[in-house]
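Chain lettering (A, B, C and D) follows the sequence in which the chains are written, and residue indices restart at 1 in each chain.
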Amino acid sequence: MLAETLRARRQEREILLMTHIVMGYPSFDASLRVVEAMVEAGVEIMELQIPFSEPIADGPVILHANQGSLQAGSTVERCLTFGEEVARRFDIPFLLMSYYNILFKYGVEAFAQRMAEAGLAGAIVPDLPPEEAGDYLAAMAAHDLATVFIFSPNTSDERMARIAAVAQGLVYCVARKGVTGADTAFSDELDAYLARCRTATDLPLALGFGVKDRADVDFLRGRVDLAVIGTQTIRVMEEQGVDAIKPFIEGLRS
Amino acid sequence: MPERGYYGQFGGSFIPEILVATFDELIQAFEEAKADPGFWKAYETLMGSYSCRPTPLSYAENLTEHFGGARIYIKREDLNHTGAHKANNVMGQGLLVKRMGKSRVIAETGAGQHGVATATMAAKFGFDCTIYMGEVDVQRQRPNVFWMERLGATVVPVTEGTRILKDAINEAFRDWVTNMDDTHYALGTACGPHPFPEMVTWFQSIIGQEARGQVLKETGRLPTRVYACVGGGSNAMGVFSGFLDDDVELVGVEAGGRGLDTGAHAARLASRDASLGVAQGYKTYFLQDDDGQMRETHSVAAGLDYVGVSPILSHLKESGRVRFAAATDQEVVDALSLTIRKEGLIPALESAHGFVQAFKEAPELSRDDVILINQSGRGDKDIFTVADAFDDPNWRQFIRDKAEEYDAR
Amino acid sequence: MPERGYYGQFGGSFIPEILVATFDELIQAFEEAKADPGFWKAYETLMGSYSCRPTPLSYAENLTEHFGGARIYIKREDLNHTGAHKANNVMGQGLLVKRMGKSRVIAETGAGQHGVATATMAAKFGFDCTIYMGEVDVQRQRPNVFWMERLGATVVPVTEGTRILKDAINEAFRDWVTNMDDTHYALGTACGPHPFPEMVTWFQSIIGQEARGQVLKETGRLPTRVYACVGGGSNAMGVFSGFLDDDVELVGVEAGGRGLDTGAHAARLASRDASLGVAQGYKTYFLQDDDGQMRETHSVAAGLDYVGVSPILSHLKESGRVRFAAATDQEVVDALSLTIRKEGLIPALESAHGFVQAFKEAPELSRDDVILINQSGRGDKDIFTVADAFDDPNWRQFIRDKAEEYDAR
Amino acid sequence: MLAETLRARRQEREILLMTHIVMGYPSFDASLRVVEAMVEAGVEIMELQIPFSEPIADGPVILHANQGSLQAGSTVERCLTFGEEVARRFDIPFLLMSYYNILFKYGVEAFAQRMAEAGLAGAIVPDLPPEEAGDYLAAMAAHDLATVFIFSPNTSDERMARIAAVAQGLVYCVARKGVTGADTAFSDELDAYLARCRTATDLPLALGFGVKDRADVDFLRGRVDLAVIGTQTIRVMEEQGVDAIKPFIEGLRS
């Protein structure tokens, strides 16, 4: 279902935007205002990250946001409530993003059920490769939730095919080695990689890691379906405040 | 796809997609090395000429008399180059890095012991080296930072999270995710994603192999019990490896900190405070809250102050093959003190945890029994911590005088 | 009357009458031990199970490449229990003390290394133990004092004289003169009255015996040159012993301090500043003034900072069998730094003196040549001194912070 | 000759006194006044110690005096001049006392010649056992100087005989183990030892180490020929000044 939604939107726009927030950072109030701003600015889909104490795949900015949120007292329950709230209020799909331990401790089946009840579209779990994802795939499927998986530049063709077989909704293509938040040199080198991604799946492709301005988004036009803006929105918020987010997002495609 | 490294329900490989190919390569290199008898031979030769393997087995005659029970033998990993069993793992991984053709190694370190060992290995093999170390640990373990820097390593203080060992591990993974092409992450204990628990155990099994032969030769029998401290679990797995198939009781001793009922400890398997979880790439018992957020741990021994534990040990606990106990900070200082006085041996604070439990049990056993304690490292590397643990006023005065001398410059 | 222990014109036994009988007894016990093959066997067994003998021989491949000359091999006395060759002598004397039925040992110490080794031996053998240490050294070597105290030894700060090593020796003699009945004075180097130079050399000869076999086995030939630092001379005599009858050049390296022309050094045999004299019970070259009063010496390495030198080495210098050189403090720090970076080895500041001269000469030799350096101890025991020698600002800050932490208690 | 002198004096008095100073401590002026006081108080013979940097057989008080003298700048030459001065001025025999290195560096023969010229009676060298004393014995003999040697409680009879064979002037009997300056328990246990000493030599016997007051001297009366007062006079001088020395010495026998 998520894939269809995104494909439909793609008919309207050459490139879609997926944005990311860490829930509860710096507060749930702020998170709500950011979601609002992003939706108003026209983003097509959002990732809501439940903070984890050991966010191994995240770079310094998101890591810091994870810790800030936890220090401010956010809990998994509060994040799920927040997810439910925004899912009901705003008419775009929301994905949960977190590390596997959050789901595992909650109980994977219970977590999926809760997500479904909350009206969330699916999840991204960056430390859960398909090989470890048996329980998760079953639970998510049972509740019609999208299981977003990740391709990376050094994922082999064969492995891409195997991942594609269990992926739902969209595939998140990591632009390069490294963690979130570092600069990516967007160049033609990416093309070969994205061509491989395209061959492996007909799900919408999202490209993330380092997308930070209009030039980056322009570059991705025609190459992928979604551009993912993660770290950069946190930076904008930290440096210029929540009010700066809407114009920032709008500027990426206007 | 290679084996994923499960031990019962524990282990696995929970890694970001970007690292999958790197792990595949590592698993393959490791499997090839295991299958190549020349590799182990080269490892033994290296450890025999660069460190001092086989490390001796010492009969603790005075402690034996003191407790009046089992005969106490001590495996002397403290005599390794760089002062602990960490050297075994690190030099083994160094050989593997050479085999894989990489030119840079990174590592996490808590107490600094694994960092010094890795920096040493890097110097010896000519690798570039970056060590991640929580800022808190950088501050309290400056001597080790000093040596790592002298050894040519870049020490990066990790300012995120709780700024201790687990955060250093996260940060090392972040580096690896970026630089996997030329870089190997030399994880320091039998934790983390497959193949680390198995691989580290394999290199450390040299302890148990040697010890088994030495105890047999020395006493004509196998030990009744074997004691080892458990941080991540590498020295314990190393010595236990030699006795898994024998009728020998294996006892792992975790950090009881201020007491199991205070919450201020690092006992994953000996307390009821831990629960199954997935973090830092593997599934095991973690000290975590109900949401799955990792908790702060405490131990007088920095090397045991860790939230997770080897999945192999979790499995051996579940199967009943290994028994677990905890030693409090105070018990550790007392056992350390006694061991120094009676035998002239200075176990690391980590190692002294194993001594505590052995001392509790030795009197129950008879002179026919033999117990083996793994002295994983030497304590003189930790003078700042040990002097504080002993609360020595002369030491404090010395430091004050030294500070004044520096101020006067 | 037993032999008086002369080596050419050097040596002898210039002792107060009250000690003559004690020395006679010691000489007899020593002669009996030497004649008893079981004694040496017991010594080897002890050193193999309590320390880690045989210590390895390490090929310094990177340093060899770096200098592009002779192949450099390093004898790893740093891997001994307590971190230096001092353990060999001390454990040997411990066995002799047991044989003589005495129950107390005393010793002098400068750097603290011999004091820690003796206190360790005393703990292991169950002897009472008093260590004499110049007040200046007590202050600058507090970590070693801390360990000696933990080991159960009484450390007596010597407040007389220059308050360093030689004064500690005098004070130990004063104790012995009073308590010789139950007390043995475990002198720490190949100096002092007969039989100490010979006896200490005998125990330390285990280094050379092992090294000769190891080099032969490893390289198929004998070394071209052997290098050792020279304080009192025990590690040098130990390693040289293995090669005295061979066509091998032996090079002893003394403390050049701030330079031989500054007077601030401890070069007895490599400088012209020393002259023949009699002190501390034996005749040798001393750094003394025209009246025969001992001069102050200087070295970055406390263990080499001594006015006298083994009479056996004075003799070997006179006979031309051993060549002597000096290394300055700065050269020592540079050689230490290079060795750490290139090989991951941390020689003691003392040992690093030998490395300096070897590094100067290695490039002149060819790849067919083999040189052997005796790494008498490890440097990580001396972090305060080494950090100061490297003038590390982070270290100073760490100490200041630590002092503040203590002040805040 | 020295032995005869002492024997003659012994005819007059039941117990003779030998006192000791470290030359140049705290100054040569003070040393001179101390010698004067001692001679006036009637001591029969004096030891003049040339300070040495490594006085291995001396206890803390004399050790400290050695260092004090050296720090004040005394040299061997100055000590010899002082010795000459007092030997010419006062009519008692003076012995030099020092460690062997002082003689060795000076040249043993030159040293002996200088002593003879200075009118000194002989020497005590506590770290020079007879076995090492070949050159010294020859030089001292050539200049008719007394070579005072030492007996100790654990010197065997056989060895006493060998020492006696080269001893001249008197024999110095160490009362007990230990260094100078500690207390000695003067008791009958000493008698057996002194009897052995007496058997070994007919030279006058001096007993030292720990003689500190009249009771000690009384005890030695009839047991030895000379009581040696070493450390105690330094203590008296340090605590009560030079003027206290004469009454102190006088009090030992009056």
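The working rule: contacts are C-beta pairs under 8 Å (C-beta built on N, C-alpha and C of every residue); 3 or more make two chains touch, one makes a residue touch a chain.
None of the values given here were measured: they were computed from a predicted structure.
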Q: Would you mind checking which chain's C-alpha centre is most distant from the centre of chain C?
A: A
Q. Could you state the distance in Å from the CA-based centre of chain A to that of chain C?
A. 65
Q) Distance from the CA centroid of chain A to that of chain B, rounded to the nearest Å? A) 37
Q.
So the centre of each chain is just the mean of its C-alpha atoms; given that, what is the distance between chain B and chain C in Å?
A. 33
Q) Tell me, which residues of chain B touch at least two other chains? A) none
Q. For chain A, which residues are shared contacts with two or more other chains?
A. none
Q: With chains as vertices and touches as edges, which is it: line, ring, star, complete or other?
A: line
Q: Would you please name all pairs of chains that touch?
A: A-B, B-C, C-D
Q.
Can you tell me which positions in chain C touch chain D when the two form their complex?
A. 1, 4, 12-18, 20-22, 160-161, 166, 170, 173-174, 177-181, 275-281, 286, 288, 290-294
Q.
Which stretch or stretches of chain D touch chain C in the complex?
A. 52-60, 63-64, 67, 70, 75-77, 99-102, 104-106, 126-129, 131-132, 149-156, 159, 163, 174, 177-179, 182
**Q.** In the complex, chain B residues that touch chain C
**A.** 48-52, 55-59, 62, 76, 79, 81, 83, 119-124, 126, 139, 142-143, 145-147, 150-152, 337, 340-346, 380-381, 383-384, 387, 390, 392, 394-396, 398-404, 406-407, 409
